[in-house]
Amino acid sequence: MPTLAEITAVFDAAYPPATAEPWDAVGLVCGDPAAEVGRVLFAVDPVDAVIDEALEWGADLLVTHHPLLLKAVNGVPATNFKGRTVHRLISAGCALLTAHTNADVARPGVSDALALALGLTVAGPILPLRGEADGLRGLGRFGTLPEPEPLGAFAERVAASLPRTSAGVRVSGDLDRPVRTVAVCGGAGDDRELLAAVRAAGADAYVTADLRHHPAAEAMEAARFGGGPALVDVAHFASEWPWLPVAAALLAGGTVETRVSTLVTDPWTAHLL
Amino acid sequence: MPTLAEITAVFDAAYPPATAEPWDAVGLVCGDPAAEVGRVLFAVDPVDAVIDEALEWGADLLVTHHPLLLKAVNGVPATNFKGRTVHRLISAGCALLTAHTNADVARPGVSDALALALGLTVAGPILPLRGEADGLRGLGRFGTLPEPEPLGAFAERVAASLPRTSAGVRVSGDLDRPVRTVAVCGGAGDDRELLAAVRAAGADAYVTADLRHHPAAEAMEAARFGGGPALVDVAHFASEWPWLPVAAALLAGGTVETRVSTLVTDPWTAHLL
Amino acid sequence: MPTLAEITAVFDAAYPPATAEPWDAVGLVCGDPAAEVGRVLFAVDPVDAVIDEALEWGADLLVTHHPLLLKAVNGVPATNFKGRTVHRLISAGCALLTAHTNADVARPGVSDALALALGLTVAGPILPLRGEADGLRGLGRFGTLPEPEPLGAFAERVAASLPRTSAGVRVSGDLDRPVRTVAVCGGAGDDRELLAAVRAAGADAYVTADLRHHPAAEAMEAARFGGGPALVDVAHFASEWPWLPVAAALLAGGTVETRVSTLVTDPWTAHLL
Amino acid sequence: MPTLAEITAVFDAAYPPATAEPWDAVGLVCGDPAAEVGRVLFAVDPVDAVIDEALEWGADLLVTHHPLLLKAVNGVPATNFKGRTVHRLISAGCALLTAHTNADVARPGVSDALALALGLTVAGPILPLRGEADGLRGLGRFGTLPEPEPLGAFAERVAASLPRTSAGVRVSGDLDRPVRTVAVCGGAGDDRELLAAVRAAGADAYVTADLRHHPAAEAMEAARFGGGPALVDVAHFASEWPWLPVAAALLAGGTVETRVSTLVTDPWTAHLL
Amino acid sequence: MPTLAEITAVFDAAYPPATAEPWDAVGLVCGDPAAEVGRVLFAVDPVDAVIDEALEWGADLLVTHHPLLLKAVNGVPATNFKGRTVHRLISAGCALLTAHTNADVARPGVSDALALALGLTVAGPILPLRGEADGLRGLGRFGTLPEPEPLGAFAERVAASLPRTSAGVRVSGDLDRPVRTVAVCGGAGDDRELLAAVRAAGADAYVTADLRHHPAAEAMEAARFGGGPALVDVAHFASEWPWLPVAAALLAGGTVETRVSTLVTDPWTAHLL
Amino acid sequence: MPTLAEITAVFDAAYPPATAEPWDAVGLVCGDPAAEVGRVLFAVDPVDAVIDEALEWGADLLVTHHPLLLKAVNGVPATNFKGRTVHRLISAGCALLTAHTNADVARPGVSDALALALGLTVAGPILPLRGEADGLRGLGRFGTLPEPEPLGAFAERVAASLPRTSAGVRVSGDLDRPVRTVAVCGGAGDDRELLAAVRAAGADAYVTADLRHHPAAEAMEAARFGGGPALVDVAHFASEWPWLPVAAALLAGGTVETRVSTLVTDPWTAHLL
């Protein structure tokens, strides 16, 4: 069986930690690099239900997209759910590895998987990594549909292509508007710089998550004044889940058993109109 | 007819500008203090459709909750929608006044109106203003329902009490959980400090808007570990609209004609499950 | 008639906004890019008397050297003279365009016009723009008189060459000292870096405005210790006025009517010895 | 004969160093506290000509208003005029003491002496020291003339009351405007906060030094819009010189010989209209 | 048996976490608050040899003075000695609790124990906690010997009273100088503010650890010029060890078994002259 | 006789001031560049006893490694030992020149002299200067012994090779461990970056000064976990003294008389075990 250090090296090669955002926290959260790894579980969030699944299945390693300890800590006592998670994992001998913004900007990365799920042919990143001449890696992706389709049909495609969540899909724009070029960004994508780049590129629609009132309303007013994309807002979890099987495939062909969690970790459990 | 300066003084007394957050931009955006004011329109957002309504109706003053120029500018040329809005208003002789976080923390303020709409008896703010001994003013409100009811019924009450929007209401928590004490915060309420205070107070549910994945998911994990509120997420616009008639009532009994806009300025225009 | 956008493009080409200092505020302050422009007035300061002149003459555009809104604002209500100026201009359909430090560093720019007025042959900037290989653009100018002349005669030349102001011209240095190489800087020029560069270059005299006690006194002490220029202090307005006809000439040959304001906007209206 | 430490204590009592601005550098620049002091010279600026006067007269101490080393240094080599000044003073056994913003805010202080020279009865400071209940100390002074007089006559009074300098006195405002209440500030007084406080207090005129174009022009525009003081700009040196005999009087009655330098250290040596 | 939460409460009462320095990291590093605690080991440093001792003895809790994770972390993988320590402790069910600067400033605290070991009667802290009226708590302690003794004898007393370490005790000052009043500070004490306070108080000697060349040399030069304490530098470990039995005594009388480690964790293992 | 400016130029060429750390203060502290220099004394610290030696010998220049005025000052009054030192030097006509971190990083520099004294063949710097392609200059040095020897023997070599001080040499590590490659850093060397580079390079031992408990203890724990150097801590003074004759040799062959002070300026005057 490979060691944890060997498995970690595979992910570090695919998602180099140095490409993560400066504020991010990627890499090993716990685990002994010399330990042997036979079973690896993949999930979006290191929440309690996912830890249950990992420990019940006997995973030696849990790989998640979201960091458990994004805010740095001076201790991991079991006085809160984060410390308890660390205690549960260490006591059970299960390591935890995070690939977050390093997986976002990689090629292929989180937004490539999202674009693929929607049937888009990817052209390149929305915000290329600084200092890279070829401009292949970066945040978000631009892509093209094989055929133009009305925004209404495109939104149905989005809803049908991603894991179903309680809150569904929100749309802003004229449902008859034709959509051909699309920008996608897995996870929260209402950053001012992202929205400006999507608009500058002339995309017909932008699919992302966690769009708040002010960025979304400003984008729609700007679009009314001088053009801009329709917006399609999906669950944060749903936008990133398509990456899990891609990450798991990195271990294919070896002796390690992998499993992709299908637990829905979107926090919303009910929805009313 | 009163002058704009006299009308402004009424709002400054009810919503003192000095109580606004340091990053906020409240007060007059345009208008001549000596101009006479006969008609005042109230709306949540100074978007183009609202400006249309104001100018078509012949408003002398538009009062909005959201600032047009939150980010300070060195000019207002009509090269973007914000500058064009200023040109349209000045050319038509219509002033624009913002009452934002000063209206949030006032008593009664934006969250009082939201609590009232939901049938809550208000106890006090979630985060009292610093340096105020009586603790009456501040961000958000705690309140109590006359009778406990299951979370499912409470969520239906929320949906039925606020302006209907495309995206509806999202809920996180056990729908059978009884709800009696409720925290509400008009507008975006996923700030770490707000969530911590709501949890510390032991509220059964928290109604607010713009809840993103990470704060919501962390709150639900923390609740699973050591208790905490159910979450009810509504449209940002819908959470603040109930304040408009309250603000309009400040001018009641005078010679000024008032009108509350019923345009839905939530950016989401369609929703799919 | 050309549009405002077309006229703005002419000035942006001559005085690229990207070359302005980071703290500066250049470009359009108000105006609709689609409006037609028939008459353009040029002035140093956007003060009330200049606005009167613009509106009485029927100007469609006022071009000034000094910004109206150097300090960014969150609104332009007519509760102060700056907001009133914006209201007067928008109501009258007159745009306002600022070319400030971008006009200072351009070639030809504000200090070239000042040097020309004094009869100097320009060699190059005092502080070249960073990152420009040819060193042609930048702040201030070094120049040479055709013949050396005593400082006293040179000061009389300065007084006679620029618009007359109440406060006149101040001189520091031995009036018999010969002057051949001269540094000039339109506007306030007592910045430590400018003074150091003038001294390092061995100029015989430095003509600028707004020289305060401490920089001037330190420069004269340093000159006594190890050599340095005589100082000639003129009115800020007078040092920049010569640029106005140069800027107006950018529109020559077109259909636009131009006019250079001769109002003296130096604040000093009387002088006593 | 008293020691330098004893003389220093007299000035520290009258002008407590703790009341100086945080950016200022007051107190001893050089000198041995145990040295005996027989002769003390007072001057505004520690320039070379003043050092000559001190050493020729045999001064043991030079007291100046302006600091020699406002910018802190890591050495005092005689490679520039400041280090040479320190070498000259130490070699000759002459100490140097600065009383700058601590003398400005004291009561009586620099602006009291200026007000007295102009015949004003002092009311209080323009900007009281923070945290002082009685509000007696602070920057600048408000005062009253015995009788109102036109601005023109007042300006002549200013010119006649202060040491004559080459550049004279500059005035902004209607010369027939009556002047009764006057604000004065010795030294550079075009700080935004000072100008705002003078305007808020409704003073008829403001006498200070080093007024630059932008603050002066903005003040006059604001005055045109909503009232404000006339401006009277004098030489920085002239505005502070009246304090010298007041400071010298602190040593009266002792055994120390004092002398007030009458060298004009204003940098401007000629003036042309 | 008490729970870890109950034991933690005892230490939090004696050494309130809120009194720790802002940069410090005190409290639980790992451990489950619901776990039962039968054995508690006390040590200065959480080094590997101390972990060995804790685990071999079967400790349920290790209390150390120095934090394991002073620099906050985003994970505790066993890829370095700190993460391995966390894994060892969690796997063995042993909690780790730090009382650092909160134990320093407490009364009695770390420097009280050091003073006691040296036979001093304590007067009060060197740097009292800000905002405490009684001035009883704070960093370091002043104390008095029953009888004055020469510095040489005092240094021998210090060496004899503290745990012996390889590098011994360093002394700066005249060995015949009488010592009566003494300042002590457990741990690194060459902070500029501490040294200034010790000097201002007129102490005869200052006992602390980790004194570097520049602070020590400057203090001795200052002492030569105007008086100041002799310096006695001991091993950091030795200066803090006397506090361990005091901390252990907080659990006396209960059912918990305590043990004070006598491992020398000073890093120096040999010394040459 | 050469002038001070000529002598200064020799040191500036060998130790360019621009290579000093940004926080450092190198170059002339006092002295007249035109003065003639006949005698130059070299010492580590500008303490009072060294000034005595300089003045008694009639030195015209004192060159020290440590700055007198590292913290910038606004005056040099003789109210403290630093100002008194400046007065003594200027009155006696003796200049003071500092070569500190510029001498540390030079080639040959302070750590080269230390390495030479220990019999090491130097390979290169521990931390090369940024932006230098050849990597020859920088902080600290790596070197090699002609033959491996046990750590105990190496420590004896260190003690025998450097000036003897009261406190001697401290060692951390197994005395039988073989030592071949050695890192040295004159002066305080417990900076995190230095220690990490020494460890990464795989050196057998690290000789430096002012090693405090936490860096030293962490280094030894890290070494126990994954390898790392033994530590040898010497007096700060002793580690830098070997550079003095090297610096003096820069003036060899000229008319200037040089002398290297043998005063021990280590602050520790006694030591007890």
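Going by the order they are written in, the chains are A, B, C, D, E and F; count residues from 1 in each one.
Note that in this section contacts are C-beta pairs under 8 Å (C-beta built on N, C-alpha and C of every residue); 3 or more make two chains touch, one makes a residue touch a chain.
Computed from a predicted model, the values in this text were never measured in an experiment.
Asker: Enumerate, in label order, the chains that touch chain C and chain D alike.
Answerer: In this structure, no chain contacts chain D and also chain C.
Asker: Counting one step per pair of touching chains, how far is chain F from chain A at the shortest?
Answerer: Counted as steps through touching chains, the separation is 2.
Asker: Scan A-B, B-C or A-E for the interface that duplicates C-D, counting it as a duplicate when over half of the contact pairs agree by residue number.
Answerer: When the contact pairs of C-D are compared with those in A-B, B-C or A-E, A-B matches.
Asker: Between B-C and E-F, name the chain pair that shares the greater number of C-beta pairs in contact.
Answerer: E-F
Asker: Using the average of all C-alpha atoms in each chain as its centre, how far is it in Å between chain A and chain C?
Answerer: Taking the mean C-alpha position of each chain, the two centres sit 53 Å apart.
Asker: If you average the CA atoms of chain C and of chain E, how many Å lie between those two points?
Answerer: Measuring from centre to centre gives 65 Å for this pair.
Asker: Just curious, how far off is chain F from chain D if you go by their C-alpha centres, in Å?
Answerer: So the centroids are 47 Å from each other.
Asker: Would you give the residues of chain A that are in contact with at least 2 other chains, written as numbers and ranges?
Answerer: Residues 84 of chain A each touch two or more of the other chains.
Asker: Chain contact graph: line, ring, star, complete or other?
Answerer: ring
Asker: Name the ring's chains in order, please, starting from chain A and stepping to chain B first.
Answerer: The cyclic sequence of chains is A, B, C, D, F, E, beginning at chain A and stepping to chain B.
Asker: Contact residues on chain E for chain F in the complex?
Answerer: For this pair, the touching residues of chain E are 45, 47-48, 66, 80-81, 84, 152, 155-156, 158-159, 164, 166-173, 175, 187-188, 209-210, 212-214, 216-217, 219-222, 224-226, 231, 233, 235-237, 265-273.
Asker: Note which residues of chain F are touching chain D in the complex, please.
Answerer: Those residues of chain F that touch chain D are 25, 27-33, 67-70, 72-79, 83-84, 86-87, 90-91, 95-96.
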